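Order as written gives the chain letters A, B, C, D, E, F, G and H; numbering starts at 1 within each chain.
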Amino acid sequence: MNLPSDFLPDDERSNRTGLDEAVFCESKRIEQIERIILYAVSKRRSQLLTRLNPKTYSSLSDEVRKVVDYEEVSHTGIVGDYPESDKSDQIAVVAAGSSDVGVAREAVRTLAYHGRSCSEFYDVGVAGLWRITNIEDQLRQMSIVVVVAGMDAALPTVVAGLIPSSIIAVPTSVGYGVSEGGRSALETILSSCSPGVVTVNIDNGFGAACAAIRIMNQVNS
Amino acid sequence: MNLPSDFLPDDERSNRTGLDEAVFCESKRIEQIERIILYAVSKRRSQLLTRLNPKTYSSLSDEVRKVVDYEEVSHTGIVGDYPESDKSDQIAVVAAGSSDVGVAREAVRTLAYHGRSCSEFYDVGVAGLWRITNIEDQLRQMSIVVVVAGMDAALPTVVAGLIPSSIIAVPTSVGYGVSEGGRSALETILSSCSPGVVTVNIDNGFGAACAAIRIMNQVNS
Amino acid sequence: MNLPSDFLPDDERSNRTGLDEAVFCESKRIEQIERIILYAVSKRRSQLLTRLNPKTYSSLSDEVRKVVDYEEVSHTGIVGDYPESDKSDQIAVVAAGSSDVGVAREAVRTLAYHGRSCSEFYDVGVAGLWRITNIEDQLRQMSIVVVVAGMDAALPTVVAGLIPSSIIAVPTSVGYGVSEGGRSALETILSSCSPGVVTVNIDNGFGAACAAIRIMNQVNS
Amino acid sequence: MNLPSDFLPDDERSNRTGLDEAVFCESKRIEQIERIILYAVSKRRSQLLTRLNPKTYSSLSDEVRKVVDYEEVSHTGIVGDYPESDKSDQIAVVAAGSSDVGVAREAVRTLAYHGRSCSEFYDVGVAGLWRITNIEDQLRQMSIVVVVAGMDAALPTVVAGLIPSSIIAVPTSVGYGVSEGGRSALETILSSCSPGVVTVNIDNGFGAACAAIRIMNQVNS
Amino acid sequence: MNLPSDFLPDDERSNRTGLDEAVFCESKRIEQIERIILYAVSKRRSQLLTRLNPKTYSSLSDEVRKVVDYEEVSHTGIVGDYPESDKSDQIAVVAAGSSDVGVAREAVRTLAYHGRSCSEFYDVGVAGLWRITNIEDQLRQMSIVVVVAGMDAALPTVVAGLIPSSIIAVPTSVGYGVSEGGRSALETILSSCSPGVVTVNIDNGFGAACAAIRIMNQVNS
Amino acid sequence: MNLPSDFLPDDERSNRTGLDEAVFCESKRIEQIERIILYAVSKRRSQLLTRLNPKTYSSLSDEVRKVVDYEEVSHTGIVGDYPESDKSDQIAVVAAGSSDVGVAREAVRTLAYHGRSCSEFYDVGVAGLWRITNIEDQLRQMSIVVVVAGMDAALPTVVAGLIPSSIIAVPTSVGYGVSEGGRSALETILSSCSPGVVTVNIDNGFGAACAAIRIMNQVNS
Amino acid sequence: MNLPSDFLPDDERSNRTGLDEAVFCESKRIEQIERIILYAVSKRRSQLLTRLNPKTYSSLSDEVRKVVDYEEVSHTGIVGDYPESDKSDQIAVVAAGSSDVGVAREAVRTLAYHGRSCSEFYDVGVAGLWRITNIEDQLRQMSIVVVVAGMDAALPTVVAGLIPSSIIAVPTSVGYGVSEGGRSALETILSSCSPGVVTVNIDNGFGAACAAIRIMNQVNS
Amino acid sequence: MNLPSDFLPDDERSNRTGLDEAVFCESKRIEQIERIILYAVSKRRSQLLTRLNPKTYSSLSDEVRKVVDYEEVSHTGIVGDYPESDKSDQIAVVAAGSSDVGVAREAVRTLAYHGRSCSEFYDVGVAGLWRITNIEDQLRQMSIVVVVAGMDAALPTVVAGLIPSSIIAVPTSVGYGVSEGGRSALETILSSCSPGVVTVNIDNGFGAACAAIRIMNQVNS
C-alpha cells in the first residue's frame, strides 16, 4: 500500500487571500516536518512554521535545523527570506501576563514574516490598572491592537473601552482549575462589555496576526 | 398518606452562626410560602424571603401580601421588624451593569435585615474605566466591597487591584450566547489575577451579604 | 429604601471609542426601557435599542412606540436621527440560512445607525456551493465581510479561503440537538482552517458591526 | 486468585454481521496483544489490530512483530491473509488536512482487510474550494464517500451538497483550543446543513469502514 | 430599509443530490411559513415541512392549513403530491420507547415523501430483550434499519450485533436529569461496541431518512 | 514548620459501617504509601490498597513490596490477613469488555478482603447478545450482580431487564472520542430504561463492592 | 398512514424482575395518558404513573381523574389496588431540604405501590448537623436508607459514614447557578468519601425505590 | 528580534493592596525562575514562589536552590526574610483528606510569608463526623476558617453550619471519574446550603490565604 502524497503548499490560496499557509507542526511527525522544510529550501520558498516546540525542534536533523530561524519562546520557525517590515507602526501587540508572551510573540513573528512591523507591550494586566493607563496614549495611535490575555482576560475589555482602534483579542490557555485550557478566558472575551472586540481561538497568535494583515491590506490599499 | 410537616425555622442554626435562615421561594408552592409567612407573623418572628418573583408575590393572598415589605427589583420580601442599621459605613455594594442591580439589591436587603448599612455604587463597569477610578478613594475606606458583575465580570479584578479591602464577588446570569447563565462570569472571577478575591454562586447576592456579615462579626467584636 | 439611579448614556465612552452605547433590552423591565427612550427624546439624542423582542415592544406605551423606528426581524429599535449612510459600499453582510437573517439585520441596522452602508447577501450556505461562487467577485471588492452562520457554520471558512478582505464571523443560535444555542457554530468558526477569521459572541450582530466600524475608522482615516 | 480467561474472537458475531472483530490495542497490555496475535497465528485466522501505536508496536517481541503487517501512519496491524480487494471502485476516502491522513488510512486498511478497494483523496479542505470542485466528478461516481475532517469539519457538508452518494463523515481530534479532542468537529458534522450526512465517533476510521461495508453488502447483493 | 427576499427552494441542490430541501419550521415566523406553502401551491411543487408543532400549525390561516397534509405526532406537514411508495420493503424504522415514536414517524414521513416504503416496529427497547429477538428475523431481511432510541440508547448496539444490514441510529431528546436533551443518548450511540453503527443529530428523523435514501439510490441503481 | 501528622486508619468508621478504610494510592507519594504499609504491619492490621499502579508499586522498597499481596491487573494490594471468603455465592461480577477486567477485579479483590466470595463472568457485552442469554440462568440465582461496562455501557440495562437481583453498575473510562474518561458510560447507566439500576463513580470497583457488602450485611443478618 | 399501536404494559418484564412498568407521563400527550389509564381500568390492572404534573393531571377528563389516586407534591398517580404495605419498617426515606420532598415522596409512593412500607425523615440537611445526629439511632436500624438531596448533596456522605445500612442516594435538581439541573448534586454523590454509596439519575425517586425493592427481595427471601 | 523584558515585581500593587505578588512557577521556564530569584536576592527583596514542583525545583542551579526555603508538599518556595508571625491565632486551616494537605500548606505558607500565624487541622472529613465535632469548639474561637476539601467537598458546609466565623473554602482537584480536576468539589461549595461560604479557584491555597489577609487587615486595624 502506498502512502498518500506529501503536504504541498497551496499557491492558489496565497494568491487569493494574501496570506501564506503556515505549517502547524504539532500534529506532524519529524520526517514530515523535515521534508516540508527541505522542499521549501529546494524551491527557494519561504515557509512559516508554528507550534514547533523545543523538543521537536531539537529532534530535527542538523541539516534542517540550520536553515530554520527558530524562536523558542513562541515555538515558531521561519525558513527563507521574508519582506523587510514596513515602518508604519500601526499595530500593537499587548500581553497581560508574563506567561502570555509566547502567544504574543507568535503573532509578532507572523506579522514580521508578512512584512508587518509592530510595537510590543508586556505585563500590563488589569490587576494593576496604572500599567494600562500609562500606555493609553500610545495605543490610541494604533490602527490595530492585538491583546493577548489568559486567566480573567479582562484586558481586551478595558483597552477597547479606552480607544477607537480595532481590537483583536487572543485568549491564552495559561492557568489552572477553571482557567485550565483557556475556555474561561475565551468566554470572558466573547462576553466583553466593550463593543467591537473580536477574538480568535485560544493561543492562536498566528490567527490574530492574519486577521490584522487582512485589515492592514484594506487600510493601506 | 400524610404529607411531611412544614418548613420550620431552625433557631439552633441562627444561634450558632449569627445568620437567620432565609426562605428561598423559587422552588416552593404558593401555599407553602403563605404558611411560612403566617407562621412568622403568629410567632412575631422576622423572616427574610428571597427569590420571590413578582408573579409569585402577586399570587399571594391579600392578607399575606400586606405583611410583606416587598421589593420588586431584588425579588426579596421581609416580614416583621429588623434591627436599625448601624451607621459604620464599612461595606460597599458595587454593580457593573444596570442589569446587575437586582442581585446587588438582594445583598443590600440581606445586610439591612441583619442590621448592616452599606453604600451603593451602580453602573461602574470596566468598559468605562473612569467610572471606577472616580470612586476609588471612597472604596478604599471600606472594610468590605461586594462586587456584582456579569458578562466579562472584570470589575472584581480591577477593584481588587486598587484597594486592600475584602472583596466578595457575585457573578450574575445576565447575558446571552456564551455568557448565558453566568458560568463565564463565575469562571472569570475564579481566574482573577488579583489575589484574594472570593466568590459565591451565580446571582447569590444573599450569600455575599452573609459572608460580609460573618466578616463584620469579627471586625466589630 | 431608595432605588438606584437610572441608566444614563455615557458620553465619555462614545467620545473615546467612536461607538455609541446601545441599550440591551432583554434584561430590562418595560418601565426602564420607556424611561431610557423618553430621556433620549427629551435630550434630542439618538439611541440604538437591541434585543427588543416584539412582545416587549408591543408592551411599550403608544407614546413611546411612536418615537421608535422598530424592525421586527432584527429586534432592533432606533430613536432619533442618525447620519445618512456613506455610499462607499465597502462592507458586505452575508447570511447562510434564512433563519440567520435576524442577526444579520441587527448588524445592518447597527451599521446604518453609525452612518455605514453595506450590501446584503442572504441564503448562501455552503450546502449549495454555487450560491457562494456566484457572489465571489462581488465579495472580493469589499473591505469587510460580516458572515452570519449557524448550524455547521462552514460559510466563514469558505469565504475566507476565497478572498483577502477582513472576515468577521457571527455564529447564530439557530438549531436543535447539538447545535442548540450556537456553541457548535461558534467552535466551528474558532477552529476555521482559513487563517484570519475573527468572531464575536453567538447572535451578536451588534458586536460584529461595531468591529467593522472600528476597522472602517482606520480604513477611511 | 486466578485471572479471567483471555480475549477470544467471537465467530458468531462475525457470521451474523459479516464484520470481523478488530482488536482495539490502546487499552491492552503488551502481553495481551502478543497472546492474541499468537493465538490468531496458531489458528491460521486473520486478525485486524487498531490503535496499535508505534511505541507499543516496537515493544512487541520480534517473533510477534514479524507476523504483523504494520502501518505506522494509521496505527493498524494485520495478521494473516485477507481477501484480494474487489476492483469495483465504489468507495472514496477523502481527507481534509494532512493531519487527518492517519484516520483516513485506518478506514482504508479496514476496507482492504474486508476485501474492499477504495480511491483516496487527501488535502482537499474547504479553505481551498478549488481542491474539492476539481474532484467533484470523480466523487459523484462513487456509491459511498467517507469524509475525514477535523478542525472546522466543513468538508462533509460541502461534499454532501454536491453529490447524491452516501456520505459517512469521520470527525478527527486534530486541533487545539476549542478544537482539541474533536468535539467541535463532531458537532459541526451533526449540525450539517446538507441532509443525509451520517457520522461515527471521533477518529473512528474503523467504524466508518464497517458502515461502508454494511452498505456495500446491500449494494452488491 | 427593505427586507431580504424570501426563502426560495433550491432546485440545483435537489437535482444534484436527489434530496428535496425541507422547510425547518421551528425558527420561522408564521408569515414566512405561510408564504412558503402558498408559493409551493402556486408553483404546483411539493414541499416537506418539518418541526411544525401543533401550536404553530393551528396558527396558520385556514386557507394554508387545508393544503397541508399534517401529522401531529411527527410535527410534519406535506404540501402537494409525492411519488407512490415502492413496495420493496428494504427499510425498517424501529423505535425503543413510546416517546420515540414522533421522531420515528418524522423518518417514515420523509421516506414516504421521497417514494420509499418502510416497515415500522415500536416499543422494542432492550429493557425487554425478548421484544427484539422476536423481530430479529424480520430485521435481518432489511437493507437498512433506522433505529430511534433515547435514554440509554442501547438498542442500536444490540440490533447491530445481530444483523448485517446498514444501521442508522437516531438519538432522541426524551428524558430528564442527565438524559435531558439527548446528549447521553447520542454519546452512547457514538460509543457503540457494535462496529458500523452511524448516527445523525439528536431527534433528526429527517436526516436519518435522507441517509437511507442516499443508500437506497445506490442499492437500486 | 512541621508537617502534619500521617494518615491513620480510623477504627471508629470501621466499627460503625462494617467497612474498612482503603488507602487510595493515586494521589499519595511513595514515602506516604510506604509508611502506611509499615504502620499496618507493625500493628498487625490488614490494609487494602487501591489505585496502586505498577510503576508506583515497583518504586516501593523491597522490604515493603514483599509484605504486599499485589495484583497488577486491578492495581490493588493487600497487606496482612483477611477473612476466608464465605461460600454462599450470592454475588456475581460481570464485565462487558476485556478492557473492563481491571475494574471488575478491583471489586472482586475488595469483596475478598471483606470475606465475600463471588462468581466472575467476562467478555459478555451486548454486541453479542448470545453471550448474556447464555449466563442468564446463573445470574438469576444471585442476590447481587455487579455489572462493569464502558463505551456504550448497555449491559447493566439488559441484565436488569432479565432478572430481579440487585444490580450495581460500574461505568469504566475505557474508550476514545466521546467515550473518553467514561462520562458517556456513566450517563448511559443513569438513563437506564430498566428500573432499579444503581451506579457508582467511573472505574470505582471498590465502591461497588462496598455497596454489595452493605447489602449482604442486611441479607445475611 | 396509520399511527403505531399504543403503549401496552409488558407482563414479561414484570414477571422476570418483580417490578411493574411505570408510565412516565412527562413526554406523553393527554390522550395517550388517558388511554393507558382506561386500559388499566378495563383490565382491572394496577398502574403507577410518574411525572404527572398538576397541569397535565387537571387536563385529564373527569372520568379518568376520578380513577386516579393523585398526589400533587410527588406528581404521582396510582390506578387500581396495590398490596397492603408490610410492617417490617426496614426502609427509611430521608430528605435534606423542604424542596426535596417531592422526589422523596415519589420514592415513598413507588414503595407503597409495591407493598413496601417506609419511615420518612424530612428537613435534615447537613447545614444543621444536630438534625442528623438526632435520628442516627433510628436510621441504624434500617436495612436501606434512601437519601434525597440537592444543592451541595452532602447528606448521603454523612449518613453513610455513620451507619452500615445500604445507602441509595437521589440527587435533586433543586437550585440555581451552578446547582441548576442537579448535575453538581449528582457529582457530589458520585464523589462521596464514604464507601458504598450508590446513586440513581437526578430526581429519580422512582428508580431509588425500585433499587430498594430489588434489595428487599433478597433480604426477605 | 529582541525578547520582551523580564518579569519585574510591581511595588505599586503591593503598596495599594498590602499583598505581595507571588511568582506562579508552573508556566515559567527554568531560566525565568532563576532570574526572578536572583533579582530578588540582589535587591534584598523577599519573594514567594508557588506551584514550584519538585522536578522544576531540582532543575534549578545549586546557587539558586540554596537561597530558596522550599517545601515539597506545598510546592512553595520563599526567598529572603519575612515578618515573624503574629501570635493572635485567629485563623485555622482545615483539610478534609490527607491528599488535600498540599493545598492547605500552600495557604499556611502564604500566611506565614505575610506574617500571619494559623492553627492546622488535618484529616477531618465528613465521612467521620466525630472528627469535626471534636474540634468544633476550637474552630468557634477563630475569626477565619480556611476549609480545604476535594471529592464531595462537604466539609465547608458542615463547618459553616456550626460556627459564626468567616469560612473561606478551597476546592481541590484530588479525585477520579467525575471528581477529576476538582469541578465537582467547586460546585458543591458554590451550592452550599450554609449561608456565607465563599470560595476561590480549585487548588488555590494562595488565594484563600490572601483573602484571609484582606479580612485580617480589617479585623486588626
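What we mean here is this: a residue touches a chain if its C-beta (ideal position, glycine included) is under 8 Å from a C-beta of that chain, and two chains touch if they have at least 3 such contacts.
Being a predicted model, the structure only gives us computed values, none of them experimental.
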Shared interface partners, meaning chains that touch chain A and chain H: B
Shortest path length from chain E to chain H (each step joins two touching chains): 2
Superposition of chain B upon chain C: rotation angle, C-alpha, nearest 5 degrees: 90
Chain at maximum distance from chain F, centres defined as averaged CA atoms: C
Repeat of the A-H interface, chosen from C-D, B-C or G-H (over half of contact pairs identical by residue number): B-C
Interface residue identity across copies chain G, chain H - same or different by half: same
For chain B paired with chain H, centre-to-centre distance based on mean C-alpha positions, whole Å: 27
Centroid spacing, where centroids are CA-atom means, of chain D and chain H in whole angstrom: 49
Whole-Å gap separating chain A and chain D, where each centre is the average of the chain's CA atoms: 34
CA centroid of chain A to CA centroid of chain E, Å: 45
Sites on chain A at which at least two other chains make contact: 13, 127-128, 160-162, 177-179, 183, 186, 190-191, 194, 201-202
Inter-chain touch pairs (all): A-B, A-C, A-D, A-H, B-C, B-G, B-H, C-D, C-E, D-E, D-F, E-F, E-G, F-G, F-H, G-H
Touch list for chain D against partner chain A, complex: 71, 73, 95, 98-99, 101, 104-105, 108-109, 112, 120, 122-123, 127-128, 130-131, 174, 176-180
Complex contacts: residues of chain G adjacent to chain F: 13, 16-19, 21-22, 90, 143-144, 160-168, 186, 190-191, 194-202, 206-208, 210-211, 213-215, 217-219
Residue ranges of chain B touching chain A (in the complex, touch as defined): 96-97, 125-129, 133, 151-154, 157-158, 160-162, 175, 177-179, 183-194
List of chain D residues in touch with chain F within their complex: 1, 3-8, 10, 12-13, 24, 26-28, 32, 51, 171, 173, 181-183, 186, 201-204
